[in-house]
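Below: a set of structures, written as structure tokens.
What follows is chain A paired twice: with chain B in the first complex and chain C in the second.
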Partner chain A sequence: MMTRKQKTRLKWILAEFFAIALAAFYIYPIFLMVNNSLKPFREVIMDVIALPSRLAVENYVNVVERMNYGALFMNNVIITVVGLLGIIVFSSIAAYTINRTRNRYTRIAHFLIITPMLIPFQTFMITLLKTMNVFGLAGSLVGLGIQYWGFGVPMATFIYANFIQTVPREIDESAFIDGASTLQTFAHVIFPILKPITTTVIVLNVMWIWNDFLLPLLMVNSTERTRTLVLSAYTFVGQFNTQWHYAMTAMVLAVAPSVIFFVLLQKHIVKGVIAGAVKG
Partner chain B sequence: MRKTTGVVLLIALLVMGTMSQVAFAAKEISIFISMPEYADAIRELINEYKKVKPDVVIHYETTQSDYPTLLKVKLNSGDLPDIFASTTGKEIELYKEYSLDLSDQPLANAMEKAVRDSMADANGNGVYGLAIKGNYFGMVYNKGLFEELGVKVPETFAELETAIEQFNAAGITPFSSGFGEWWVFKHAFQHFLAAATDNVPGLVQQFEQGQAKFKDYPELYENWFRFVDLVYANGDAKPLESTISTEIAALALGQAAMVVGQGPWIEADVKAIDPEIKIGIAGYPVSDNAAQAQVIAGADQAMRISNSSDAEQEVLDFINWWYTSDYGETWFIDVAKVVSPIVTDRMADFDLVRDGAMQVSERGSAPIGIIYSTDSFHMSFGEIMQAYLGGQLTKDEACAQIEQKWMEIDGQ
Partner chain C sequence: MRNSTKSKLEMVLFTLPAIILVTMMIYIPFVSSGYYSLTEWNGISSSATFVGLENFKTILLKSSQFTDVLAFTGKYTVLFMLFSNVLALGLAVLLVQKLKTANFLRGVFFVPYIMSMTIVGFIWKFIFSSGFARLYQLTNWGFFNWSWLGNADLAFYSVVIVGVWQQLGFYMVLYIAGLQAIPGDVLEAATVDGAHSVRRFFSVTLPLLAPSITICLFMSLTNALKMFDIVLALTQGGPGGSTYTATLDIYREAFQHNNFGLGSAKAVVFFFIVLVLTQLVLWISRRQEVDL
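Up next is the complex of A and B:
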């Protein structure tokens, strides 16, 4: 007979086994990507699954040079940083106002901010490009970053709003009593409290903006100067043939920074999501 | 407070910065085409043109994924590039109202006839584009293996069956099929279309209008299906998972004697695996008439010139230079290494290009048929053929579905 303790232990082992199997299942395609980025073309084509017979580091050297990696990396940084700044500033202030000032107008505003999450991108692609051409935001890195404000704010506001609900109003009031204005209260008292949720917003948006394909393809693919890493990786995919060894290497190089970023910040994101979810 | 003001100021600055980036240079040409495999070559071409016309700035943009979608988005938002791409044939008509007729340009005379023909509109008039490459379509085979085993390159079904037997007996897989790729089917099928009629565009049109039936054309109803059945039965272990990469590997490693649906574009990759291999290209056996086994020559992709360009003269100068200058000729052959779309005595140093040219001069070329249907139709066509081979559809069901899709997708 198993004791109760042993039974619990067995359950845990089973659960862990299942979790590991699931993780392996999800990680496998990424493993294939890295694996094939380290093989010469010949080996990629002959057997996708096999491990490299020797590490083809020259793939990385070639791709870094052909992609002009350094310059494109900076392009990605500019787009992502501009996008993030706007998303965080606008959505945190919006969420604060919506939560603290409750009247008909803020309810309508809340509704209008959140619903765009439901509209598929493809439906307004044409009008977006047309509008951005008029404003001169198409074909520019900063312009693309600004466009992400519109795409990122709904989700971020939603997350912030849920969290701010859990911040007691007494904190605001004590700041007011000390003579702080609304903006001062927000900037010096509330915003610091939002730190875990801000980290979450940063991580979620970096993962998405850094690796986005369709919007950059539409807006900044037209010159070498403005292209992003992911776009550049796609130039190895041709009409019939694909240079798989280079495409995989380019993908690893394009995605790696965002993955590293995610790994570094992931303990915050978990905290943040839980904070918002449970208390909200 | 100060922090917030700072952020707001920063944003305002950024916005102004973007606005001021919108500069208008006098002579700019924008190119937006598919086929990124020629990106390096085109950049070289552009750099060379800078020496000829230093004041012209060329913006070159390329993508393969989502190209048709993006082109439509650009077109609809009034952002049509000066040079854009489409397939030839049917799509020539589709974008005709946006593109210039180049008949009176010097480049039209420099163009190979087969290429020029595929740039004409539905009535056979005009030159509504230029090609980045000519092409050959046919059955690519391992010449070394054929010679070693003394197998004759098959030109009829009887010879095909003999060849299959000989290879099977020698323990070599006769075919690698590529049946996992939708476009492999269209490339092979056009040879059977050409065998079925002398007027391929006419027959395609009849199919689109629902007036033609597979049953009335034994080359399609019997021979085409017989061919894919033979390849399926004598091909890869998992034919429906076979892709261009499978075909390249099987051919280069001497595991398969013939590959379906390919052309000169695989040579560089095959040679990357085995630099010593000898390969050739031949027409498919499509009937019992050996004369019908012909390679197909032509251009399947067109670069179109916008008729609403602000820099029309600059664009025309550029493409005329591309097609008629000495550098242009060298570019096609030595830089892009393609089947030359312009008339020239020189030839890219590739087995399949040389062999294709020889085949065409000796046996003639069958008409290129893929260009008369859209790729939307061809994708459906490929999926139906895969369903047939996978056993989900009978031959009659497959034919009925193809006839149906031809009407639905290309019929308007």
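Up next is the complex of A and C:
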């Protein structure tokens, strides 16, 4: 006979086992991708499920070279960094101004800035290309980064404005008394207080911009020089759709940065994603 | 007191960049989308011919092509919302238990969400073709041998499976946050002991979870309606155009068929559908919350 205590223990062990089995099943497609990226071509054709007989590191050497991975990675970094900087600077200061000065002008400004959250990007992507050509922002990495300012500002302003509400006005007042200008107060006193919410804004926007597909497809897909990591992987997999070992390697290389980013910053990312959804 | 002209100037100066940016990237293209929906335009020539409501007649009345696409998107949205919310809630309930591996496993289920949707589409294309073929050889189970991407009905379910698989972790995380906000003793009572746990879940936990449910329903609705990348990589809209989502169809109409006027008209119709549906879901959920 099992004691009551033993029974509960067994129940927990079974629950633990069930959860682990479920997660293993769930993640299996990703394992299969990594598994086949490490096999010689012959083994991929023979059996996609078996483990590699030896690690075919040459797949990676080959694909890194063919995709020009280093340059692609830098392209992504440029777009993401340019995008982030503008989104953070313009949203935080707009949100601060809107929150601290309440009048008809700031109400209209607030409305104009956050309303686009209701407009799906796909409903104006056709005319966006024409508009961006007019402004000279299409076809270049920095131009694409700047475009993300417009698309990222509404949500970021919304998130910042919610947070700034909780920052007491007395903090600004004492800085003003010390003779600081509005801009100085914002930059040296308020912005540091916004750090936790800035982390949220960074997490949400990096995840979005780094992996975005449709906007880069419209704006920077015409020359190889300006392609992003995902765009290039998309083209590469299309070209090598019979040579799955190379396609798999390209796919692993395309998602690796996001997965590493997630593993390193898991807590911040999950917290940021929850905050973004709850406030957005 | 602060100089009022100066503070007015600052007020405009600090908000103007944001206003200019959204005007450039969103309002101008959005408004011109409305204009071009009334024209015939190939996207290249500088002048577009004004045709009134002709485009809307074409896509809504003359041909069933776009309404079929909308029906597919609607069907996808319903199944996506259902499965992603039910399964995510189930997972969340499992992973708020005091399991030793709970934290690690939450991370595992979240991984597909941080991956590029295009790559996710490719991974599953490989699974549905090569992976399933090998599994069929090993197990002889019939469903591994079905044409998951080649048959229109099955391709629909394939798209749903992949869509849910990619986003499940996101909704799970939101539900976990919701469950953790419920006082511990209530949750314990609702889940630990045997026969009553199911009823307590439905009559105690679920009502307390209403705010999370609202958020997840809303997010899953908008994400499902905008589905693009996964379909492009997984099926390219095929077989026989059976898996075209609204956004993929708008893209094709404009950038592959060069019918920018027709594409803009589709975009305008799509915009109003999204607007009405999202407001409807918010309105219904809020009413539910108040009732409770």
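As a convention for this text, the second predicted complex is superposed on the first by the 201 of 280 C-alpha atoms of A that agree within 3 Å, B and C clash if a C-alpha of one lies under 4 Å from a C-alpha of the other, contacts with A are read in each partner's own complex, and residues count from 1 in each chain.
The definition used in the following text is that a contact is a pair of C-beta atoms (placed from the backbone, for glycine too) under 8 Å apart; a residue touches a chain by one contact, two chains touch by 3 or more.
Everything numeric in this text was worked out from a predicted model, so none of it was measured.
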**Message:** For A:L32, using the defined touch cut-off, is the partner it touches chain B, chain C, both, or neither? Pick first, second, both or neither.
**Reply:** second
**Asked** A:Q266 contacts which: chain B (first), chain C (second), both, neither?
**Response** second
**Message:** Quick check on the superposed pair: does A:W12 touch chain B, chain C, both, or neither? Answer first, second, both or neither.
**Reply:** second
**Asked** Which partner does A:L214 contact after superposing on A: first (chain B), second (chain C), both, neither?
**Response** both
**Prompt:** After superposition on the shared chain, which partner residues are touched by A:F163: those of chain B (first), chain C (second), both, or neither?
**Reply:** neither
**Asked** In the superposed arrangement, does A:I126 touch chain B (first), chain C (second), both or neither?
**Response** both
**Message:** Between chain B and chain C, whom does A:Y246 touch in the aligned arrangement: first, second, both, or neither?
**Reply:** neither
**Asked** What is the contact status of A:A23 with respect to chain B (first) and chain C (second): first, second, both, or neither?
**Response** second
**Item:** Winner by number of chain A residues touched, once chain B and chain C are compared
**Value:** C
**Message:** Between chain B and chain C, whom does A:V255 touch in the aligned arrangement: first, second, both, or neither?
**Reply:** second
**Asked** Across the two complexes, what residues of chain A are contacted by chain B and by chain C?
**Response** 44, 86, 125-127, 130, 135, 183, 214, 218, 234, 237, 244
**Request:** Using the touch rule from the top, collect the residues of chain A that touch chain C in their complex.
**Result:** 12, 15-16, 18-20, 22-23, 26-27, 29-30, 32-33, 36, 44, 47-49, 86, 90-91, 93-94, 96-98, 101, 105-106, 109, 112-113, 116, 118-128, 130-132, 135, 147, 149-151, 153-154, 157, 176, 182-183, 207, 211, 213-214, 218, 230, 233-234, 237, 244, 247-248, 251, 254-255, 258-259, 261-263, 266, 269-270, 273-274, 277-278
**Asked** In their complex, what parts of chain C are in touch with chain A?
**Response** 2, 7, 10-12, 14-15, 17-19, 21-30, 32-33, 36, 43, 91, 94-95, 97-102, 105-112, 114-119, 122-124, 126-127, 130-131, 134-135, 138, 165, 168, 170, 173-174, 177, 215, 219, 222, 225-226, 228-229, 233, 246-247, 250-251, 254-255, 260, 263-264, 267-268, 270-271, 274-275, 278
**Asked** For chain A, which residues are in contact with chain B within the complex?
**Response** 41-42, 44-46, 66, 82, 85-86, 89, 125-127, 129-130, 133, 135-138, 140, 142-143, 145-146, 181, 183-184, 186-187, 214, 217-218, 221-223, 231, 234-242, 244
**Asked** Can you list the residues on chain B that touch chain A in the complex?
**Response** 1, 3-4, 7-8, 10-11, 14-15, 17-19, 21-22, 30, 32, 34-37, 39-40, 59, 61-66, 70, 73-74, 76-79, 183, 244-245, 248-249, 253, 262, 265-266, 269, 272-273, 301
